[in-house]
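Labels for the chains are A, B, C and D, by order of writing; each one numbers its residues from 1.
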């Protein structure tokens, strides 16, 4: 209810502040008997980890996950799965500069107004650090969804856009570069661009695209819980996301019905896929694909003016080890959220018929 | 759970098929003591009604709502509010042409695969007719949210785009034309365009934009239930929606942080509003604004080939009284969903402090 | 959230005041393809109906249910099922005597204090009339649970107790008398007793027992959602219920473990059944059985003193057509709630393994 | 959904097996700004702790709780509160005797049938050890509910019953003896009785009663979520509970309405309190009181025959450090569950009016 849970049947509840003792969560509703590969879960966390490459924040945080329950002799038992990621990088920082001031386009102001109190250390609960827990649960969801392939990648950094449909890309190349763009030439350009932005103490936005293959037909619920509606919510819940579109997306709004309709083949597949693998909110077995827009990170390594709690103008100086562009590290988060949605709807779909 | 409910605290549960006896729903969690203006609710329904103008479907359906409970002596009582909209336009149609065939880019195929059975009359539960119930509940939510102004309008029809920020528009003009575009010149062009498209038996997509003014600070929950995430889900759950963006949206992904950050004024308002009135998932009191992309309606008044249940190619002929472009009628639906989200988060926010 | 919904997956949401236009509800989450026997549903309603015999309230209310959606060609479609029961017995009563006064041991006082407003006509939402909607949904749940036999019966009226285990009773005799007690001699005594109580304008409490046979093994969830915990909640939510016990119940608290443990037979059944068919919150395939205690109806056909809204002492006079003892009419309600719980847990159990 | 969460607004989600690495949980929905006394929480845990006295299990387990998040500078922040209790007593037991066999009246058989797998070490998830997490959350709930007094006590051990209404007891004496019975003479007898039962390797059931004073008027929701229904579910969800009754309870079912009705005083209080502080499911400000029946612990320190997974008869020998009677340690668990229900309904009630 208070926003720290996701999913109806395959449910993740998380906790943890950026600079608190630990992050953690509970996964409830995972069916019994799933083989768990804990190393593979840690690998997904490593894809999200700070310090993994030269274009992301250089903060050092190993992000090691420990499971406390719900897994026995290598398999899920059907009971709730608790896990913890300790925060090992809690230096005794001096937070006085942000304790009483509001950084622009952060959550400082709104948390303070809403709760009357805020853990100001490193953004507290509003820090994107919480997404580590999503990656853990998403990685487990992927293991439950054996056969379904979820591949996210960077398709835009600033004005630099990969204008190719996913069908024209070699998705096996995503992890071959630190940007996580499957087009190697474009990846090189994006990397240079991000470095240039960083050198100015600035940041830039970007786009993560995602393709999901081998989705069973029937995932999605009518009316309010359409599959793409939940995917949209999942993506929009990731820090810094400003937009979501699937299938033909915003471009589709400019088209004629006669061009946009996906004619059937005789086996039930469709000749085109403007629908993005979802019709009437329910998967039709074609590839699901969507784009997620991320704004530029709000923390700049620059001097700027802002206000304190009393409304006085104060000068602040961004410092530290921040991402100049979030999209390379957002790739595993997008995949994790997609996996959580699919796991949930996969289970829901078991209830559509007796 | 099965997709027919929306909202956590201010909850709408709906039922009803396009050509069944009636649509209806239950609104639960509306606080006691709200003055209810039933006529105003009916007026919202009338804005969504078929046959209201020359550019929408000419189906005749009065869409009269009757309340059964939860309102007493003009006020809500705090108990559940049941309502019914009878389907008066159920002719004894011949549905044989769609009973065993799947119309392209409709939900026929996916519902059949998911449930093994489908009410094929006029799209059944997948028909946008269900949105009438959303408009009823949204209109009540608006009455609870006295002072908050929610204004949706058409900002795009096909490639025709109203490239103006909402701050440059006169929102009082929205209802002054049948397109529901506040720019009168543009509205005229859009109307002509829609008529032309219809004359070819074709359809076209469009964009609905929405602005919400006077939002209290503090609406929105951390992590998974950010205010814009729920708004996004709400909009994406509307039939034919393919994309959602708020604040700077997809354009924001191309910007630098130094341009995108919204500097504070001393009173806590911001000089710019790329954040779209939401920071860290929580409203900051500035205008909330967002865009919703609608695909072209799938039903064309044309001949086409498709498949039947056995996978045989069959010829079909779209006929009847369909919308050439949904966006004029989608305007009140977008507003209703926005109102439902705000009502829910308004109540949730009462729980943030004791 | 606001108390008008029951069930997690097989969900009933209801509305309706005692003397409003209509009662109704929405059943969501019923799987597709269930054969629906609407006549059988009406028959269950008839078992709950006022005026059905000489020992219940003589109010005339046909309680005819109409389904609006979710059932097509005799089967459930998997979409939400809306239904309505019109209130045909709304006379233009004079309610002035209860409008401003609080009847003792009713909900008048608490509703007024909680909501600041109350539909005072006939108890409004707090009237047991709402249980009609439960019976509708429970009857549908029974049809989904083909093979599971749920039999409730009256085992106590006032101090008159049927001190026999359910295994010593002929449950086919329950409907053979108007008390709904399977022991014919006892039923006769109870009937006489109820009539005597009524003749004094008084009321008396009673006990409904329930046995559920052929329950699949595995229904129930760990920790908070144990099967008997949900059964308990379901029963305690019925108007006038003061207690619930299952299996050995309160008597079990006086026993030694060496007497109470249920030894296994080699086929997994148990030699005794003090567990009441549930171990660790999960059904073990043995008969589930429980008792539900009902207090005496609060409305007496007598003169009494009470207070008005201002706290002044006022005299009131109970009148009208009230039940002298609720248990005969409570039997189908207990069965309905048991069916709703089982339907829900039956679906939940489909998720325990992949 | 899968049974490891409790509460709608003040929500506890727990995890952990008896002999796993750790137990833990997440409390979500606790409002911001509550002063947290962590020592007082630990004290509640100590009341539940094994080894605390000579009449409970002599297992050594310090049960120290560590909070990971959601509390900052001594106050709740409104974000989710994660906590962990490490299992320090995990010896490398030999579990071969229960791995393949089913202990009578335990959850071994049902878990295995439901999930196809089971953490057999010490009962796994079905162990009452999980209630430690409930006590943590309940203790925090108590701190939120300042002013409301929740007092549980032992009122029955086997056939030994404290036949006094709570109004005739000195509740300050509850903690003055190891049985937690406020009547010192009775406590002494109960203690001797429990020791005698233990000396035979047997166990015995008992009753915990609970009184809640200073409850605000208005807690409880209509229809399905009546306050006592949720209290009943909460209590029935505790391991070994077989029954629940509130106010007049089962005894009330034998009474006449003319004796049972609670006449009003002019200030809205009532002269009697057969209603148990709840009318129409909503608190009326009078004392809430209820009884909870616990069965005898199933683990006997005796030899007995049972079956293995293949249905073969096997001989087992109960051993170890088990409670001869759970009620003394159940007292803080009953209080914790009551506090969780009240916290939830306290928040819900903030939504009844705007």
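Note that in this section contacts are C-beta pairs under 8 Å (C-beta built on N, C-alpha and C of every residue); 3 or more make two chains touch, one makes a residue touch a chain.
In this text, all values refer to a predicted model and were calculated from it rather than measured experimentally.
Peer 1: With contacts defined as at the top, give the pair, A-D or A-B, that has more of them.
Peer 2: Taking the two pairs in turn, the one with more contacts turns out to be A-B.
Peer 1: Through what angle, between 0 and 180°, must chain A be rotated so its C-alpha atoms fit those of chain C, rounded to a multiple of 5?
Peer 2: The best-fit rotation has an angle of 180 degrees.
Peer 1: With chain centres defined as C-alpha means, what is the inter-centre distance between chain B and chain D in Å?
Peer 2: 46
Peer 1: Round to the nearest whole Å and give the separation of the Cα centres of chain A and chain D.
Peer 2: 39
Peer 1: Taking each chain's centre as its mean C-alpha position, how far apart are chain A and chain B in Å?
Peer 2: Result: the chain centres lie 26 Å from each other.
Peer 1: Among the residues of chain B, which are close enough to touch at least two other chains?
Peer 2: Residue numbers touching two or more other chains: 1-5, 8-9, 14, 29, 32-33, 78-79, 114-116, 125, 222, 351-353.
Peer 1: Please give the residue numbers of chain B that touch chain C in the complex, ascending.
Peer 2: The touching residues are 1-5, 8-9, 11, 13-17, 20-26, 28-29, 32-33, 66-70, 72-73, 75, 77-82, 84, 114-119, 124-125.
Peer 1: Going by the contact rule set out above, which residues of chain C touch chain A in the complex?
Peer 2: 9, 29, 31-34, 78-79, 144, 222, 347, 350-354
Peer 1: Given the complex with chain B, which residues does chain A contribute to the contact?
Peer 2: For chain A paired with chain B, touching residues are 1-6, 8-9, 14, 102, 104-107, 109-111, 113-116, 125-126, 130, 156, 158-159, 197, 202-207, 217-218, 220-226, 228-230, 232-234, 236-237, 242-250, 252-258, 260-268, 270, 274-276, 279-284, 291, 293-300, 302, 304-307, 311-313, 348-349, 351-353.
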